[in-house]
Amino acid sequence: MKIGLIGFGKAGKAVANVILQHKDFSLEWVLRSSRIMEKSSAGEFLGISSPDPGLIYSQQTIDIEKLLDDHPVDFIIDFSATTSIHMYGRAAAEREIKIISAISHYGESEKKLLTDLSVQTATFWSPNITLGVNYLLFAASLLKNIAPGVDIEVVEEHFKAKSGISGTAVKIAETLDLETESINSVRAGGIVGKHEVIFGFPYQTVRLVHESISREAFGSGALFVAQNLKDKKRGLYNFEDILRPYFFSEA
Amino acid sequence: MKIGLIGFGKAGKAVANVILQHKDFSLEWVLRSSRIMEKSSAGEFLGISSPDPGLIYSQQTIDIEKLLDDHPVDFIIDFSATTSIHMYGRAAAEREIKIISAISHYGESEKKLLTDLSVQTATFWSPNITLGVNYLLFAASLLKNIAPGVDIEVVEEHFKAKSGISGTAVKIAETLDLETESINSVRAGGIVGKHEVIFGFPYQTVRLVHESISREAFGSGALFVAQNLKDKKRGLYNFEDILRPYFFSEA
Amino acid sequence: MKIGLIGFGKAGKAVANVILQHKDFSLEWVLRSSRIMEKSSAGEFLGISSPDPGLIYSQQTIDIEKLLDDHPVDFIIDFSATTSIHMYGRAAAEREIKIISAISHYGESEKKLLTDLSVQTATFWSPNITLGVNYLLFAASLLKNIAPGVDIEVVEEHFKAKSGISGTAVKIAETLDLETESINSVRAGGIVGKHEVIFGFPYQTVRLVHESISREAFGSGALFVAQNLKDKKRGLYNFEDILRPYFFSEA
Amino acid sequence: MKIGLIGFGKAGKAVANVILQHKDFSLEWVLRSSRIMEKSSAGEFLGISSPDPGLIYSQQTIDIEKLLDDHPVDFIIDFSATTSIHMYGRAAAEREIKIISAISHYGESEKKLLTDLSVQTATFWSPNITLGVNYLLFAASLLKNIAPGVDIEVVEEHFKAKSGISGTAVKIAETLDLETESINSVRAGGIVGKHEVIFGFPYQTVRLVHESISREAFGSGALFVAQNLKDKKRGLYNFEDILRPYFFSEA
């Protein structure tokens, strides 16, 4: 399966890293906003030997329609910025290229656009695209469903410089209907990222813990989505839609 | 709902403790093998003020048919020994009393009997009846289903004197199809019981942890089963059968 | 070594439990405020077979001077209330009975009295007398000494009903000179008590964790102090004074 | 303080990374076995802007005596290979350059050489040079000293491909006089490195945990040693010698 990657910041590079090393997927090209490294190979830049072309293009100098026609792909994976979807969305949907967006925040106009695009192609959006965090959300809400009265608290740990409550912790709290006071934020040293959901029962405790090791987890997550979206029809999908069939097949 | 409890060892006492304090359930009687405390009240013995009768009877001096007729119950909860089911099973099933057995090991003859009884009444058996451990099994097998190639190891911790791998860890390994070498057993001091399932992905780690606080967790689990078995028809049930509907309703 | 125990509430009972089972110590008597169980044996009451006398006396009916003369002891261990030291302190010090107090809070008058008593006998006071917590305080302050700029946060977990920050967490914060915002309090279910001190370095994390299993830890701590106070001369001691020689002998 | 770094593999690069960013230390040069990147700047290669010269030299083309005379340093930090000490040891010691070696394994001839060198200059060797692991060893042996009979087990977790028990876990076991069976090795996914020492008491549990985030921890450790070795006289030192004064000053 052929992939076009949009965005080549820290997350984008980590995602390229994972795609380049995966034998089922080929990184056809990378589209970034700046012109740095333009026309060079993402694999070479990242020090990975891979048969994938992975040429880097800049939005400043290439036309998206031309890029999609000259170098067709099955999926666009978007780790760039909120507005990019306006640039490539319609061109991709017309060509029935499936869209996988991992953008953190979308406004109303982007959400509206996603809905429009989903009429023409399978369109996926998840602000956090790691498998582990999404599993955690799913598993935690199931336990809350089983035991509605259980006490729940969240402890999230990150590096000292991270300000505010982590977006993932906020999402956990929303999903489980917790007050913000139930989130405990630890900021210390270089901790990459840890989320722990504590379920306190009277005579036992259950803990669901997710620890991030590196940003490459975004790449694994995006490819997991691609694998599961491959045979999906047009429509708008989120991560829960991707996970749910596994639960049914289990049951 | 009225409950008759069979078995009054350490686990049985802890279960009685929980039933006596739960307003939706009444502990009608306790049936034990010895004659110690015979005819006295379980609540008084445990130092719990409760309106439940909770009279203690001995298998040595009372006839099970008479007990069930004089003091009818909706559920029998069995925390006694492997053979007890032969003593009370048919009498209970004929009266459509639902059976909840938490016996650790049953041989072929007991399993056969359970199947027979389940034609007449809702019959439940689970060697580990805590909600937390059963949720852990369920949630772990779901994650393995999603990510079949993930590395899985188990760390279980118990008090120094506990010999052999814990039954729960063995069950986890069976459920997840792990080699015994993937179970790490820590024996130290007075640790009540901790099970951790570690899912190692290349760029992230997920941990599912269960910590036991006290044996009363058996009681909570048994009552959780009773609540969910209340409206169930005849048939043979295990803990996964009880949990599955929560997953579907979620989905 | 002979011990007289003052206080027979939840903590006192757990301490009696440990002393009765320790072969190097004999529980001579228990002195409590109420008259419940007066003159009966602590061992019998707790269901422990022990050769120790362990008779229960009430402050309402016995004179402390007479008790100390009729049933002499080497140590008084105090798990009762703030004011008790006024009742037994001078009588104990005159007889050179060593004093081990685990009272949570002492006012100025009690602290003054302790100083006075310490002129006549070895006098020990620690608001938290478990070995684990005191080791944690010691070990944590050493690491802070080594790495003064390290980021430190505390996570403490207790049962839902516990109100306010735990006294131990406050003590940790004072010892390490942390702001109260660095303490994260989790309240969920029946967690007995867990304290974790997180040291965040840029490229590594160190965690010191203490988990309480039961109140009997107070008993072990008190006997540890007794063993170490046995050969100590007059003077006022706290837990750090007891631990320090171990660090020197190591070095 | 001026530093010469020997070795520029994965660990060496991470150490250079840390030195280049530390204002109290200047990376004068790097000496490596290969000729790759020869004469280029370590800072430039690592993408770090730093005023330090940090020129890369190759053992194949430069004479160590000339290097030390043309580009004098206060410390040599060695992250290369077992035999390197024979190459630079005498030349460094004659110039009273302090030596900090983080080589994993030394044979008898290297240990003998270190002893010889230590007559002329402060010579330090530690197979694991991270502050956290060495603190863990120290703190763990102190707790064992306080409570000789406590149950101790070690759980170490690393990435799937790591074979054998971790060297750090072996060192912990040696230090605490544990059987190899007390070490539990978990191998899963991409876990960077975690060591947990569990002290099981009858009524409480103490855990000392070290988690590695990245190899840069070696650099922090080496500079911590340098800072503490700065005013040390000739002699042979290990990490415990460096830590011990902190414990005394505390006490």
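Should a chain be cited, it is by its letter among A, B, C and D, assigned in written order, with residues numbered from 1 in that chain.
Keep this in mind: a contact is a pair of C-beta atoms (placed from the backbone, for glycine too) under 8 Å apart; a residue touches a chain by one contact, two chains touch by 3 or more.
As the structure is a computational prediction, the values presented were derived from the model and not from experiment.
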| item | value |
| --- | --- |
| Between C-D and B-C, the pair joined by more C-beta contacts | C-D |
| Self-contact between copies subunit A and subunit D, residue sets same or different by half | same |
| Rounded Å distance, subunit B centre to subunit D centre (Cα mean) | 52 |
| Chain centre separation (subunit B, subunit C; CA means) in Å | 38 |
| Distance between chain centroids, defined by C-alpha means - subunit C, subunit D (Å) | 40 |
| Sequence positions of subunit C contacting 2 or more other chains | 189-191, 199, 201-205, 213-214 |
| Category of the chain touch graph - line, ring, star, complete, other | complete |
| Interfacial residue positions of subunit D with respect to subunit C in the complex | 130-132, 135-136, 139, 141-143, 145-147, 199, 201-217, 219-220, 243-244, 246-251 |
| In the complex with subunit D, residue positions of subunit A that touch it | 189-192, 213-214 |
| Complex contact set, residues of subunit A against subunit C | 150-153, 155, 157, 159-160, 184-191, 198-205 |
